[in-house]
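Can you read through this structure? Questions will come right after.
Chain lettering (A, B and C) follows the sequence in which the chains are written, and residue indices restart at 1 in each chain.
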Amino acid sequence: MAANPVAIRLEGISARFDHRVKGAVAAVDNVSLDVAPGELLTLLGPSGCGKTTTLRMIAGFQKPSAGRIQIGDQDVTEVMSNDRNIGFVFQNYALFPHLSVYENVAYGLRVRKLDDAAMRGAVGDVLALVGLKGYEGQMPHQLSGGEQQRVALARAIVIRPRVLLFDEPLSNLDAKLRVQMRGEIQRLQREVGITTVYVTHDQEEAMAISDRIAVMNKGVIAQLGSAEDLYQRPASAFVAKFIGRANLLRATVLARDGDRVTLDIAGRRHQAAATGAASSLGKTIQAVVRPEALAIDAAGAGASLPGTVVTRTYLGEKVEYLIAAGDETLQVVQLGPAEARRFPSGTSVGIRLPATGIHLIEEPEA
Amino acid sequence: MYRSIARRTALLAAGLALLAIRPTQAQDTLNAYSIWPENWARPMLEEFTKASGIKVNFLRFSSGEALARVIAEKGNPKIDVLFGGPVETFAAGVKEGVFEPYKPPSFAALPARFKHPDGVWVAIADDPLVFMTNTKFLAENKLNAPASWDDLLNPAYKNGLQMADARTSGTAVTRIFSILEANGRDEEKAFAYMKKLRGNVQLYTKSGGGGTLPVGLGQASGGIFFIVDALDTKAKGYDVQISFPKEGIGTAAEGIALIKGAKSPELGKKLIDWASSPAMQSLFAVHKINFVPAHPEVKTEASLAAVLKGAKVFAIDDAYAGANRKRVVDRWVAEILP
Amino acid sequence: MLWILLALFVVYPLAAMFGQAFLVDGRPSLAPLLSILALPNHRAAMWNSLVLGALVGVIGTAVGFLFAFTATRCNLPARWVRLLDVATLLPLISPPFTTSIAFVFSFGPRGLITYELLGVKGTNVYGLPSTLAAEVLTYFPIAYLALRPVLAAIGGNIEEMAFSLGSSRWRVFRTVTLPLTVPGLANAFLLLFAASLADFATPLILAGSRFPVLPTEAYLQITGLFDLKGGAVLSFLLLVPAAIVFLAQRYWVGRGHYVTVTGKSGAQSTLDGVSPGARAVLVAACAAVALSILYLYALLLYASVVVAFGANHALTLKHYVVIFTEGRKAIIDTLIIAFIGMPLGGLFGVLVGYLVARGEFRGRQAMEIASMVNYALPGTIVGIAYLIAFNDPPIALTGGALIIVACYVFRYSPTGTRTTIALLKQIDRGIEEASHSLGAGSFTTFRRVTLPLVLPAFFAGLGVVFIRSMTAISATIFLVSIDWVLITVRILENMTELSLGPAAAFSVFVIVLVMAVTSAISALLRRLPGPPGAASVAGLGG
């Protein structure tokens, strides 16, 4: 236990229910996961992947139909949520609309029967922490979205929970505020050092704040790892496409020597340093190439795939191209467009594959 | 948890329900249903309270309703006395066994038709039926006040008459028995007449006096009412004519009776003693209530006597009426009402 | 516990009534039904009730639509809308008989209008036309309340869209507005049909002997002839169409209902939905209806302060003296019952609503339906069922206040239930979960979070129970006793004795009292902390 401390442990938990049309459905299917103390772990995935259900099971709002949940060294599977000592931040904040900011934050302390002085102190401290000193008497509907979110956050951490759970806390905010708030959440989490599970469908948000990310799909964890792991070495086409953008090129491994591989892509040989798909010699696999790793040449240049520009989108610090090459459409990103050449749509071009940073995936195309 | 909420609610509900139950009535309060309308019953019962110190808690119902309630409450009577109302109602009650015989001191002095031989009920007043018509209506249609049952069949009255509904009103039952008596108890003849009369009826009202105001206001042209209601309408200033059919019309003794199983029978007997004696009946004139006193020692007030002078009035035979009431009313509902 | 209460005060009385109607000497039999149907009067009553209900439904819905359309589309000045609101509010909070009696005075053979004004002689006020007109004026506000949010919700954008596509105003109305309102119209029709079917007071005064309807026939059968069996059978005849309407409303048009309730009804379209000419016609029509309602109430007020309406028009306050002396017991009894019923009904409504919306147990739907039954059924049925069920042991309650309170609680709490359900549907479950996650148990959560949030529903339920306790008669006329009298029953008694002054004075008193209490509750609602929209949802309809 001391050697391998665990703050939250999920052991094969599932959430099954009867769907009227589909019959028995598993929203979460046999998920196991350990969260280390103080860690911020994100459950990331598209809607319906089971991430929120998993979080709600940790919170105790929903009972798993199978499996065990452990918080610290306590098995909480059968413990009601009000006895789990958790902090939960909801997507729509779920502030008590009939209570003032102070009373919202103090709610959990009142339930714990704290005396008035201690409560005033604790609420004041936490409001200062989230930058809402002076808002005590306001009612929730008088606050902006960002302010409401801070109240929700303050309310969750003031009770000093064993774990902090976030359910898409930023999805109701506008883009700028979202970036600002996620920075604050990260800062706060570091400051108070509470083990945190964070649910989002926004991969950028996930990458920005997480120690580790568990990508979920169809009720199972598709991949668990750091942001770099997921981006550079996606375990599946799903993860590759979900984390950032990816071109998946059908390729055959012709030769392999350590991380040096020779690939056949659309009838052309390409040599590069690659990761993944260790025993794939002679097989057709998929090569994950990020858009920013591809370069565009004028047509007919050397070892390039021929293609035609479909669209060109100018975005200030970069230019995005969609290029039809054979029966695939590739995404290419040119950074620093001021210096680069322009290829208007309709132009015939060549696409240059990178010499490093290719990741191979063995699974068949989805 | 739901259960704990529910339990608390239940406790609250039970507590409030306890509050809702009245403390039992004080010892000196008498409960009664009055068939007489408030206007007559209230002054009389207030006089009784003044005279005896006994408070009377009463509720007014039409005779049919009052009788229905008394019968329904037979197992657990809620009142002590049934006060006022035509004797045929009491006669029907005798059949149901809801009354306790009691002979007040005035019993011996009352004529036979004003008392049940065993004292199950006694009369406290006499109340003849009359025709009452709107004077303006008569003038507009160049009619005299109706002086015969057949006068009411005149097409001029079409949709113009209001009289009581036999399902609720004792006035109506007395009226029906009047028509039966006027036709020599020939039911077929009587019902044939009522069917013809029905064509002129605008509305059958729930209570006996229900049609008096419409007649007074001219909303109805006329009707058949107890004299007490008719004279009151006139006294209020409405221009109406009171007349009697030459074939004769019924008069109903107004009764009082003690309820079997009454909670305060002694108080009830005191009310019966008082109401059947000159003590109450001499007060009719004081309060301008136009009942004919039942007690022979009380003189009929002069103006009332003048109205009644020359009118052919016969008593409804309470034994015949009581025995046939339900059947006749049922037949009336089935054949006349629709 | 709630189940026991529902079983005792909803299921058991109905079962007892069925037993009374269809058991002869303990064996099932159709004989009572056939003997009742053998009377032409009763067959006519059944037919008349259906015809009257259908007509009231159609005409009342039309008038309600007219009002709703005018209120939402004509850009009326606020004062005018206020006039419409007052005119429509009055019938909803009035004791029974008020329109009927004013009708008799206006349209009787010597009525103010028919005789004095038009000089028509020998008119007959009693019958279908006047019953119909009085019921339409009494019940169309229900249609107005049901249709106004519907029209407001489909206003604005959709119609603007149609205009932008080049449709004329009339075409927009015909092809967009009207079709979109159809479910709302159907709903309004059913509500009015049910209201007319259940109405006891209006036909008792206005229908006359030639136009019998079921509720009054059942009443006379029981109170006059004390024929419980006949009354039960007549109630059963009334129950069949009422049940059909209830089910139709619930499963056919009821589905989309919440959307309209919670929709942004506050959003006013700035669009001129009607041409100036049509606007003038619409406003004139509404004003005519509103003014006739105000006229009827003015007449009532006048009748309460003159010596004898129609004969002696000297001003007097003696009728008010009468109701506060002779009528004091009725007033006190009514108020005691109303103030006991109010909190119980409000609480019961909120609890059932909470369990139905948030509880996780089998039979939630059954509980919801059971809680609605007494509300949906005509009062005459409920009253007769209570009388039959609670007249004799094992549960003898007749004669007490409890039976009247129970009748009110179970009959009028469903408004609170429905408001609670509607409110809870708007309140995210997350708020309760937030409370759980902060360590509060279920009861603490209910007490400190849910209850305060459904407080508007609680007060709305409270208000409705109070209004109905002050104004209802159809059920409770069977339940009054020597110890417990109600104002409405006194009004009926006064009306049948033709003491119109006291009847009018009682009515005015009830209207003033109800208005005072409802505005107090509304003021309270406005001051409740919480999101501003919540209170308007709980508006005191129904």
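Definition applied: a residue touches a chain if its C-beta (ideal position, glycine included) is under 8 Å from a C-beta of that chain, and two chains touch if they have at least 3 such contacts.
A quick note: this is a predicted structure, and the numbers were derived from the prediction, not measured.
Asks: Out of A-C and B-C, which chain pair has the most contact pairs?
Replies: B-C
Asks: Could you name the chain whose Cα mean is nearest to the mean of all protein Cα atoms here?
Replies: C
Asks: Measure off the straight-line distance from the CA centroid of chain A to the CA centroid of chain B, and report it in whole Å.
Replies: Those two chain centres are 88 Å apart.
Asks: Report the inter-chain centroid distance for chain A and chain C in whole angstrom, where each centroid is the mean of the CA atoms.
Replies: 55
Asks: How far is the middle of chain B from the middle of chain C, if each middle is the mean of its Cα atoms, in Å?
Replies: Once rounded, the distance between the two centres reads 35 Å.
Asks: Show the residues in chain A shared as contacts by 2 or more other chains, in ascending order.
Replies: Correct list: empty.
Asks: For chain C, write out the residues touching at least two other chains, lowest number first.
Replies: 441
Asks: So in the complex, the part of chain A that touches chain C is made up of which residues?
Replies: Per the touch definition, chain A meets chain C at residues 59-61, 80-88, 90-92, 94-99, 107-108, 111-112, 139, 141, 152, 155-156, 159, 165.
Asks: Give the list of chain C residues in touch with chain B in this complex.
Replies: 1-2, 5, 39-41, 44, 104, 108-111, 115, 122, 124-126, 204, 208-209, 212, 220-226, 308, 310-312, 326, 336-337, 340, 343-344, 347-348, 351, 355, 359, 361, 391-392, 396, 399-402, 405, 441-443, 446, 480-485, 493, 496-500
Asks: If you look only at chain C, which of its residues touch chain A in the complex?
Replies: Interface residues on chain C, with respect to chain A: 428, 430-431, 433-441, 444, 448-449, 452-453, 455, 528-532, 534.
Asks: Would you pull the chain B residues touching chain C in the complex into a rising list?
Replies: Within the complex, chain B touches chain C at residues 1-7, 9-10, 12-13, 16-17, 19-22, 25, 31, 33, 37-39, 42, 57-60, 62, 64-65, 67-69, 71-73, 75-76, 78-79, 158-160, 165, 167-168, 201-207, 209-210, 212-214, 216-220, 236-238, 329, 333-334, 337-338.
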